[in-house]
C-alpha cells in the first residue's frame, strides 16, 4: 500500500523548467484551453498538430514525452473500450462484417477521434499535476475562484480542504493498511466471497477508519484554532502567487492554440 | 502571565465539574509542571491558558487579557502557544515549511516577516534542511518537533505542552525536552508541561498536582520528593526512593535528579 | 515447540527506486513460556518483524518455521490456523475496535477461526479473566472505556483465539505509568501460563526490567542478543544511537566506571541493596 503514497502525492515532479515556474493560475487556465481544443478535435489526422503541441509542452517542462504519455495509463482500458465500441458498432459504409460486428470507414474515423480526444484530455490533466505542486494548485484554484466569493462561493475553504486532504492521503493509506492487517491477524477474510459478503467483511476496517478520521477532524480543528486560524480573511501567504509577463505570454499561446485548432481544422480538412 | 482565580469549568453534558475553584498565578519565565492522573483536569486547565476553553465560573486573565471575551482570543493565542499530544493531528500542510508558516499566515504578517519567523522556528526545533520535506514522511519525533516549530512561529511568550511527549519514542522525547530547556534558558520562554512522566518534572521550578479538578499540592521538585505522595492518585515512583536514599548516602547531589543521558551530572564527584 | 527465524530478510518496494531493506539476516527463536524483547529505535525494522511472525508478510530471504514447519510451505488453511496460534497485537490496538459491545469485539477472532457459537461465551469470559477485565462490563461499548481498559480488551480480543504465542508491537505506548505497570503484570501472568511472548519495543527500560532475553535491532540488523545484564554490558562498550539507557541502568554503569564493583543492572532494588551493605 505504501507505494500509493508516491502515486497520489508524486504526480508532481519538481524540476527547474519554464513551465514549472509559471503561475499555477496560468497553467490551470492554459491546460483548460488545451483540453477544450483537444476535445473538439474533428479529424483524427489533426493529432499530428496535437502531437507537436505535446512535444513543445514536454520540451518546455524538461519532462520526457514518455512521462507525459504515461499519464494516459490509468484510462487506457476505457479508451480501448471506447475505441472497440466505435470500431465495431458504428453505422456507415461497411468494409468488413461478421455477425453483429462490422467495421465501417466512419467507425474507424470515429474510433480514432474518440481515442485521441480521451487520451489528450487525460494527458493534459496529468501534465498540469506533473508540473504543479498540490499546494500551488490549491492556491491557484483559490485565487481563480475568489471573485465568486461575493456570491457566497467558499474559495478559501475549498482550497484549505484540498490541502488538508492531500496532506492526509498518505497517512490514511498507511492507517488503512495497518487496520486491515490488524483485522487479518484476527482472522478476518477480506478477499473471498461475493460482493455483499466482502462489503460486510470490510466493516471492521471501515468503522475504525471512520473513527480515526472523526477524531482527527476534531483534534485538527482545535489545533488550528490554537494557531489563530479564523478562516481566509486577513490571511497572508509565505509564497504568494505573482503574475509575470511570461504567464501572460504562455496563456496567450495556449489560447491561440485553442483558436487555431478550432478554425484550422475547417480550413485544412 | 496567567492569572486564574476561582476557576471552575464543566463540560456541557457532563455531571461532574472538570475544574473546581482553581486559583493559579503563572509567572512569566517560569517552568511549571502539571501532573495528575487521567481525568484530574490538567488538560482542561491548560486549555484555559490559551482560551481554547473559557471558565464557567471565576476569572481568567492571560497576559492581562480577559479570556472570557472572544475578541481577546487572538491576542491570547499569539502569546500562549500550545503543542498537543498527537503529532499527526496537528499538522495541516503538505511540506514542513508550509506547516510552520500556517500560524503566522493566520496572523496576516507580511511576506518578509513570515519567512523570518519560519526560518527561526525551524531552526529552534532542529528541523533545518527539512523545509521542503513532505510532512507525512517525517518520523514521530520529527512530527512533534514540527508541531513545536508551528507553535514557535507565533512568537509566543509561553509554551503549553499538553502531554506532548507521550506519543513519542525515547530519543524523540529527549530531543524535545532539550528544545524546551533551551527555549526556557535562552529565550526566557514560560513553559507549562503537562505530563504523566515524573522524570520530566525535574526541569521545572514549580510542580502542581491535580486531582478531580482541584489543585492538590504545589511545590518545588525537592519538596515533591518529600511530599506525602502515597495518598495521591499518582503512579508509584521507586526511582524517587532510590534517589532519596542515594542522596542521603552522598552518592547523588542534592536537588539534581538523574535524567536519562545526564546521570553523570547528578553524581557527587 | 517453537517459532524459529533463520537468516530472515525483508525489503519494501522491491524492484522500484524506493526499495528499502527493512530486515537483514535476522535469526531468533521464541519458546513457550519465554518473554523475549526485540528492542530498537523507530525504523529499525521492528514492525516488519511483528508482521512476519504471523505471516502477514513473507520473508524475501531466509526461513520462518513454527514447530519445524516452514511458513512458505503452508497453504491458506494452515496460514489461517497459524494466525490463530500466533496472536499479533498492533500498536494502539484499541484503534481496531468496531463492535458495539466488548463481548462482540472479543468474539470476532474466535468466530473467524471457526469456533462454534456455543463455545464463544466461554472464550470471551476466559479472555476477559486473563486480562483482568470485569465480566460485568462485557456488554459495554468498547469505545466507552478508559485507556487502560481499552488496551486490555484489545489484547483479550487476540487472546480469545487461544494462541500459543503472543507478539506485541509497542504494547505500552500511550498508557500512563499505572496502565503500563498493569499491562506488564498481565504479560508476566501470561508468561506463567506458558505463553511465548515476543515484546517489540523501543522502551529499553521495560525490556531490561521484565524480559528474559533481549534482541537489539539497529537499522534492520541484529547487533546484540542475550540476557538483560549481557545487553547492558554490551551497550556500555558499544552505545547505539537512538537507544537511550534508562537512568537506573546508566547509574549502575557510571558507578561501575567509578570503581564500584556492582553488577550492571536496571533493577532499583539491586542498587539499593548494594548500598545498604
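Think of it as A, B and C in the order they're written, each chain with its own count starting at 1.
The working rule: contacts are C-beta pairs under 8 Å (C-beta built on N, C-alpha and C of every residue); 3 or more make two chains touch, one makes a residue touch a chain.
Bear in mind that the values here come from a model prediction, so they are computed numbers and not experimental data.
More C-beta pairs touch across one of B-C and A-B than the other; that pair is A-B.
Distance from chain B peaks, on a Cα-centroid basis, for A.
Annotation: 43 Å between the Cα-based centres of chain A and chain B. The geometric centre of chain B is 31 Å away from that of chain C, both derived from CA atoms. If you check the complex, the residues on chain A that touch chain C are 2-3, 6, 178-179, 181-189, 203-204, 206-208, 211-212. Residues 50, 52, 74, 77-78, 81-82, 84, 86, 88-95, 97-98, 101-111, 114-115, 118, 134-137, 147, 150-151, 154 of chain B are the ones that touch chain A when the two sit in their complex.
Those residues of chain A that touch chain B in the complex are listed here as 5, 9, 133-135, 163-164, 166-168, 170-171, 215-216, 219-220, 222-230, 234-238, 240.
In the complex of the two chains, the chain B residues touching chain C come out as 37-38, 139-141, 166-167, 169-172, 174, 196-199, 235-236, 238-239, 241-242, 245-246, 249, 251, 258-261, 263-264, 267.
Those residues of chain C lying in contact with chain B across their complex are 41-43, 146-147, 173-174, 176-178, 181, 202-204, 242-248, 250-251, 254-255, 258, 268, 271-272, 275.
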